[in-house]
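The two complexes that follow have subunit A in common; it is paired with subunit B in the first and with subunit C in the second.
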Partner chain A sequence: MKDTLHLMAVYTKTTAKAWFQYRVDAVLRSLAVFLREATGIIVIWFTLLKFDTLKGWDIYEMLFLFSLLFLTYGIMIIFFTGLRDFGKTVRDGSFDRFILRPRGLLFQIIFVNSDWFAAIGHGGLGLVLFLLSAGKVGIQWDLFNALYYILTVAGGVLIQGAVFLFLAALNIYLLQTESLKEMLYWNMRKFAGYPISIFNKFIQIIMIYVMPFAFVNYFPAQFLLRKSDMAEYPELYLYLTPIIGIVMYLAAYCFWRFSIRFYKSSGN
Partner chain B sequence: MTAYTAYARKVFLGRSAYRFDHLMSILSTILQFFIFYEIYRALYGGEEQVDGITMSMVTTNFVLSLGLGTIFSPDDYFLPNKIWDGSISTELLRPVSFKGRMIAENVGNSAFNLIFKFIPVITVALLTTGMSAPADIPCFLLFLLSALLGAGVMFTISFAVQMTAFWLVNIWSLTTIKNVLVNVLSGSMIPLWFMPEWMQGVLNFTPFASIYFTPVQIYLGQLSYGEIAVKCAIQLVWIILIYLIGDLLWKKGQRKLVVQGG
Partner chain C sequence: MSYIEVKNISKTFRVSKRRSGIPGMLANLVVPKYEKREAVKNISFSIGQGEMVGFIGPNGAGKSTTIKMLSGILFPDSGEITCSGVIPYKQRKNYVGRIGVVFGQKSQLQWDLPVIDSFELLKAIYRIPDDVYKKNLGRFTEMLDMSGFINQPVRQLSLGQRMRSDIAAALLHSPETVFFDEPTIGVDVVGKEAIRSFIRELNAQDNMTMIFTTHDMQDIEKTCNRVIIIDKGSKVYDGALSDIREHYGSSRSLDVEFMTDTETAPIAGVETENIDARHKRFIFGKDVHINDLMSLLLQNYSVRDINISEPDIESIIRKIYSGEGAA
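Entry: the complex of A and B
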């Protein structure tokens, strides 16, 4: 155990060093990711200067909704960059090296690489949005709500991690899954910053049951904010995020363990 | 001339190789459009108009600017990639103008996007939402002219930013920040009618509204002929101004070009 922690620390240190080799570039890159991700927020901010509310949600409530999305991604990507880029690892054959080392495969994939620009860009943005909005949306930050918040962020991290893990396992059969990820994850994520009740039923069903972004930010935010459009959904959904996170992650993990046995090297 | 046509053709044909990626990018544009459409439907909440702007004008703004956006897609890494891998040194020795080739390849790319991206996107938007027809035929023709100028603004901005690669080598960050500015300020994500007044003032000093918003306003018949002439002249001035800045960097850059390895 102590040995494992030591190895984690060494891996984290080396990847951080590699990402920040060129310091000015690293700062600029983190800023660029930050701004790129903030685009949607800047737009909604300008829009609500004019329109005041979007289906009853004011600007601070919108910022709070967005903050959960970015915070969970920022934390998730520290651990799951290796899974995001897993297709490349399989295609160029470097996955073979992992297999030969005396450590768990998932452990290595998780700790040998972290996209720190994305982590700082997304996570930093999430934190800024949280700090801007958390005091202004009427949430009583007592022990219970704080605990709910922590559990729900963890659940959101697991949900997205499970999707990346599932797609990584799929790579073992398909070699190319980038387009699938683009469609399933990145395209659906574009909807996730807004209250899902504004979209048509088809998109809502995907967001709740297929690629459950609604449980990453919409339902958790609803638990804390109680906006009127929650009446369209079962009350139970407010409490499900951590459970869905754990169940999805376990399912993805089993699929991964099952698939890994079929791995055939593509490299030479 | 034939050399440049060949470059344009090569890019056009090269693009046809990646069908699935292409399909994804069409889908992605259509989704983007629907998100904005649904957001504005919720914002309007059944209101006929807001500040004299109807829902169908908003829809038109998004269809046209996202549609034109598929055509106005300069290759932001044309020069940087060649500096990065060192091939710029052989490129500069060729008997064709580098800038000419850059234009030719972008034209080939845009022609491909016009046929296989713009048309599908516009068709879906027309079938599913209430987009306005052009105000009248002269407005439509002037819209086409202004859209061409808008493309010019977009491409010269990319040209000028690319030239900084002579000094920075890796311009991913700068390009990303440029794209954020274009996305937010050109009207493709928020119709510029709804920008606060102080922001409209700021926008007058930037080239971004010249890209999509001027063509959209002309299409909708919001401008008199006098105003159209002024706005198109402004578009032209931006093209010339940004091109001159880019060209200055291009000349200085070649003198300081450092090729890493070969």
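Entry: the complex of A and C
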């Protein structure tokens, strides 16, 4: 255990050192990610200035909804960069090197690289949105709600991590799953910025049961905000985020363990 | 006593068969067709501890696949591999901690960081004790003459420097067995020589078992005492390098320069080739004694210079690859 923590520290130090080799670029890229994502928010801001509310959600409540999405992604990407880029790792044969080292494969993939640009860009935006909205949406920040918030963020991180892990495992068979990720993850994520109740049934079903972004931000936000549109969904859903996170992650992990046996390295 | 034992291993890959043209591409998309390619067919051998063995064969012969199975990256479809009692692909973590692998074409160093940072990372990954790490680092730095660039980022190194660093990186944890996959590729003549002498020295000092794959026959001639030739997935030769000549190199040649323009009478068992009016090449097999041939020539003609050439290994190997090899 001590030894594992030590290795994690050395990996992190190495990543950070490599990062600081290009200081200016590091700052600019984080900023670029931040601005790219913020643009979308600014558009919504001005749209809502015209309409006031969206199915009862005002602008600050919407920002709170968004903040969960960005915060969880920012935290998730610190740990799952290696899985996000796993297709490349398999294609260029670097995965062989992981196999040749006496450490857990998933452990190495997770700690060998962290995309701090994305982490700071997304996480930073999430934090800014949280600070902008948290005081204005009428949430009592007592111990219970704070604890709920922390658990639910952890659940949201696991849900998205599970999707990345699942897609990474799929890479072993398909070599490339970028388009699938684009379709399943990034497209669905665009819907997740809004209260899902504004969409038609089909999209709602996907958001709840297929690519469960609803549990990353909609239901947790509902727990804290209690908007009227929650009446359309079972009360139970407010509490499921951490459980769904754990279950999805375990399922993805089992699929990963199963798939890794089929790995055939690229010839050279 | 054999250290690495390989018994009847085979490996088949399923490769998608590409059809040509746009209709073919569409057809591939809808009904992909696969064909089986046997990369390795029923290969067996055993290697003793401290041996230096070279694997050679043309591209696509199955050497890489064999090495990947030996190093635990791939599972064989059938057959067995044991290495000092461990099954590589079943006890991965246990096994890979005891081997080192150098891929000449693929560095394991951190591109943007000084060489020493990659070494420190490997120390943590392999749990190398401080004293072992210090001892090995000091030794390799000196033997491979790395002190001048060990604090430079890898991206600034020459290919030769990078390769030396990569070799040191694979050896820091004192592995029992080391696999070298093209360890001198792209390196200049001096650099190649430095790498080869380091490898020889290390083998002598530490009794490491070393396995090479390379296309550079010089690498093999200067380091290995044994070669295994693989072609089309099968083992076609396994033995001492020097014996290859006896096995395959049946013909030697004698280049003769005469004092004047000379026509020679045909000699039994010897093939004569005219290079120019005064130069001739006599090619002969094992049944002709070189003594007899030389005295015959010296007695009958006035000779200015004689040069005997053994068939070089490379041309013999070429023959074996192209299927002309007759034992």
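Simple rule for what comes next: the second predicted complex is superposed on the first by the 266 of 268 C-alpha atoms of A that agree within 3 Å, B and C clash if a C-alpha of one lies under 4 Å from a C-alpha of the other, contacts with A are read in each partner's own complex, and residues count from 1 in each chain.
We adopt the following convention: a residue touches a chain if its C-beta (ideal position, glycine included) is under 8 Å from a C-beta of that chain, and two chains touch if they have at least 3 such contacts.
Being a predicted model, the structure only gives us computed values, none of them experimental.
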**Report entry** First, second, both or neither for A:Y11, with subunit B first and subunit C second
**Finding:** second
Query raised in the report: Is A:R97 contacted by the first partner subunit B, the second partner subunit C, both or neither?
Result: second
Query raised in the report: Does the superposition put A:R23 against subunit B (first), subunit C (second), both, or neither?
Result: neither
Requested in this report: Could you tell me if A:K201 is touching subunit B, subunit C, both of them or neither one (first, second, both, neither)?
Outcome: neither
Report task. Could you say whether A:K2 touches subunit B, subunit C, both of them, or neither, answering first, second, both or neither? Result -> neither
Report task. Enumerate the residues of subunit A that count as touching subunit B in its complex and touching subunit C in the other. Result -> 22
Report summary line: As the complex stands, subunit C meets subunit A at residues 13, 39, 60, 64-65, 68, 71-75, 92-94, 96-97, 99, 101, 103, 105-106, 108, 110, 112-113, 117, 120-121, 124-127, 153
**Report entry** Complex contacts: residues of subunit B adjacent to subunit A
**Finding:** 20-21, 24, 27-28, 31-32, 35, 38-39, 41-43, 45, 50, 170, 172-174, 176-177, 179-180, 183-184, 189-190, 194-196, 199
Query - Complex contacts: residues of subunit A adjacent to subunit B - result: 22, 25, 28-29, 31-33, 35-36, 38-40, 42-43, 46-47, 49-51, 54-55, 179, 182-183, 187, 190-191, 194, 198-200
Report task. Report the residues of subunit A in contact with subunit C in the complex, numbered from low to high. Result -> 3, 6-7, 10-11, 14, 17-18, 21-22, 93-94, 96-97, 99-104, 261, 264-265, 267-268
